[in-house]
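Chains: A, B, C, D, E and F, in written order; residue numbering restarts at 1 for each.
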Amino acid sequence: MSDHLTHFDAEGRAVMVDVGGKTDTRRLAIAHGEIRMKESTLTRILDRDVEKGDVFAVARVAGIMGAKKTPDLIPLCHPLPIGSIQLDFTPRPGAGRVEIEARVSVDGKTGVEMEALTAVSTAALTIYDMCKAVDREMEIGAIRLMEKHGGKSGTFIRAREDAS
Amino acid sequence: MSDHLTHFDAEGRAVMVDVGGKTDTRRLAIAHGEIRMKESTLTRILDRDVEKGDVFAVARVAGIMGAKKTPDLIPLCHPLPIGSIQLDFTPRPGAGRVEIEARVSVDGKTGVEMEALTAVSTAALTIYDMCKAVDREMEIGAIRLMEKHGGKSGTFIRAREDAS
Amino acid sequence: MSDHLTHFDAEGRAVMVDVGGKTDTRRLAIAHGEIRMKESTLTRILDRDVEKGDVFAVARVAGIMGAKKTPDLIPLCHPLPIGSIQLDFTPRPGAGRVEIEARVSVDGKTGVEMEALTAVSTAALTIYDMCKAVDREMEIGAIRLMEKHGGKSGTFIRAREDAS
Amino acid sequence: MSDHLTHFDAEGRAVMVDVGGKTDTRRLAIAHGEIRMKESTLTRILDRDVEKGDVFAVARVAGIMGAKKTPDLIPLCHPLPIGSIQLDFTPRPGAGRVEIEARVSVDGKTGVEMEALTAVSTAALTIYDMCKAVDREMEIGAIRLMEKHGGKSGTFIRAREDAS
Amino acid sequence: MSDHLTHFDAEGRAVMVDVGGKTDTRRLAIAHGEIRMKESTLTRILDRDVEKGDVFAVARVAGIMGAKKTPDLIPLCHPLPIGSIQLDFTPRPGAGRVEIEARVSVDGKTGVEMEALTAVSTAALTIYDMCKAVDREMEIGAIRLMEKHGGKSGTFIRAREDAS
Amino acid sequence: MSDHLTHFDAEGRAVMVDVGGKTDTRRLAIAHGEIRMKESTLTRILDRDVEKGDVFAVARVAGIMGAKKTPDLIPLCHPLPIGSIQLDFTPRPGAGRVEIEARVSVDGKTGVEMEALTAVSTAALTIYDMCKAVDREMEIGAIRLMEKHGGKSGTFIRAREDAS
């Protein structure tokens, strides 16, 4: 880990840090998140007799496209030639929530943590948007980095027990 | 509330629903969220003797610009002539977290809940990005709609006690 | 109809024409298009025992989001607060093609023909992208305006017999 | 050719496929398309005594910029550092149509077919937009890949006689 | 004029100011700018025997499209349904410069000064880009608001003699 | 230097020139610009007893994000994986102006002059936007390339005495 916030210079000015000296290496990031909702809302998403449409199919496309917009959204993020994006939704009927996982990889000079986190966030917001007519009290949470591989700082694997 | 997911038609196809019959009314949405971090990370953000830069100033700009990108990010959202956006950060030293509030208003045909939620999400992701060199275990959560005013469905105020 | 190309001024300079004197009226545009492919490709799209994924679900989201990007893509198009977007795919097994229909409406000062045509084009390109690994010879065609309602120039309905 | 749609995983979920194992190679794609119009419309485009403005100059810029937006438009497309884009318009007076050709190259891990097809589509839509005040019945068609060079799947050259 | 910077609140936080109480009125802004270059560069732009291409045609399209991107570029700018955009280039052979004028209008709640200034800037940058292979020392300057009509603050006309 | 405008082909058609034969080398560009304003406006920006907000912090974020949008704004610019962006503001109290410097680097096939110039322009426009409520007569100028390193054309350093 660094001992200071690398996105400021010595004068406290925000900078996009220089990745010029870095080499292209294979990098992977996995992020998780969830959206909590009424059990009846989750049933509506899952039971195709109730609703014919596929909420997750739309949210998956939104999350993938959102990951590609990361450098447009996050001011100090580097543009990256993303190599792959996968998004997975695991509904937890009975627990009133949907878990979201994004995996993003690149052969590049910087990591793809922000791309994975942005994919999860955008997918969660899309689920919220599609269900808000029946449930305004949904809550998006537990958005966090689970794993990170590649690059100078090496592998990070989050201890799973602190998942909310 | 509606009794079905309005973003699908009778055949289950995703649609951008028609707001053509609606009138322009004043609408306001307030969304909250938070980012949890190590106490030492929060100190670093707050103590200008440690870091000269202002993380919240960057995150605020990102959140405001993110709100304007909502229809680009959320597939079935309508483009809207947003009237105002405000973003507020309340650090909770001792509790290891920063609370984020976004207020968005419009004179329009649809509400601005998604714009407010997107502002909060983008600001939280920006804080994550700026601090991730010192703390990879931050967690973004409690993103939810607090209030909504205007439009046919009228006023919604979330019961405050269920805030996580 | 106009008797000249309205997107040039008297000196031949491209301009975004002034819609300032116009009133907001209800406008609707319907555009059609198609993508021709090998029969085996179409079978692959339609038979969920062959491919589990839903090509049209992805293409529909792409088409809706593409319609919203119209003023970003078409230089002299006005930005518009689109009121609704619907996209429909009609596969023609035996004929080796998928027909695409987009309907876009707005309460605005200009029409939404370009938005409907852009929705069709983007959806067709997305189908091409998703199927190109098995069929490089697909062909996108017959992209045309079918109907237009509202605005000073009134209603236009294309004679259906000239559809390719 | 692949024997399945590579943009879905085994569960039928849309994915941006992993190009991580691929090497950067020189790739080129050539796409064609056309826009059919009334002879009088084509004359108007071509005869600078009738209209002083240059429709093709505007459409060329739109097509080049559209190619750069491909990963923003097509959900599962990879972002690519495009190396070159050329757009050519061949009017066919007497036949009432304009042929459009786009050539796109890259040194990259994936091909640029979608970029070339998007360039053609965007240019055709721009011509439609600029001429629609005098001709609503124009039709965009014959958008197809003509050639593709480089990458694992090697060279593809479309048989020219099946051009519509 | 205001007596303070309206884009900060009382706590010094950047805000997108509320235009909710405002009515839609006709607004117009005119901005000027220029790009200075070697006389030989200007000759190259103007003499079609030297260069066949039309630099101004490309820069005009870029400027019009740039004006539409203003709320994406300028953090606290409101999105606006721009009504018209015109861009004009006046070469000054002998003086080694090209003058640029943008006129933007809207029926809206806020003015279009930023859209006009962004149009001029983007057009100037595009000229720079197109000519930089022959002249790296071009200089963009004198970007300023010339006129503004409509809205609560009324008409502003810049004294012409202070043009640089 | 080239002896012709490289952005046109032999027929005068605008092209995105081919960088396919080029190798990735380290490139750096430094651009300058300034915004002139009333002395009282500059005081307002600088004196935190007058205005609590930090105009430069917002303009810095806007400039960095603007640099990343360069290929979206400038029609014939190549998309580039920017390596670093820094923006600096030097107020000149007494002289009524703020000087702006942008430094952009990349390991790439083309230079980053346009990215540096776009960063300066966007930052200047943002300062204009934030101060226009108190000063409409600000003027943006002296936007020019100061240094350029790397690439086939080698190093360029502008003679400093011609700075306006």
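We adopt the following convention: contacts are C-beta pairs under 8 Å (C-beta built on N, C-alpha and C of every residue); 3 or more make two chains touch, one makes a residue touch a chain.
In UniProt terms, the chains line up like this: A, B, C, D, E, F = Cyclic pyranopterin monophosphate synthase.
Note that the structure is a prediction, hence the values are computed from the model and not measured.
Path length between chain D and chain E in the chain contact graph, taken as the least number of steps between touching chains: 1. Two chain pairs, E-F and B-C, are compared here, and E-F has more C-beta pairs in contact (counted per touch definition above). Relative to the C-alpha centre of chain A, the farthest chain centre belongs to E. Per-chain Cα centroids separate chain A from chain D by 32 Å.
Mean C-alpha position of chain B lies 38 Å from that of chain D. Per-chain CA centroids place chain C at a distance of 16 Å from chain D. Counting only residues that touch two or more partner chains, chain F has 13-14, 54, 57-58, 61-62, 65, 69, 72, 75-76, 79-81. Of all possible chain pairs, those that touch are A-B, A-C, A-D, A-F, B-C, B-E, B-F, C-D, C-E, D-E, D-F, E-F. The touching residues of chain B, when paired with chain E in their complex, are 26, 57, 60-61, 64-65, 68-69, 79-88, 105-107. Interface residues of chain A, counted against chain F in their complex, comprise 9, 13-20, 71-72, 75-76, 78-81, 108-109. Contact residues of chain D toward chain E in the complex are 54, 57-58, 61-62, 65. Listing the residues of chain F that touch chain E in their complex gives 1-8, 10-14, 33, 44-45, 48, 51-55, 58, 61-62, 65-66, 69, 72-77, 113-114, 117-118, 121-122, 124-126, 128-145, 148, 156, 158, 162, 164.
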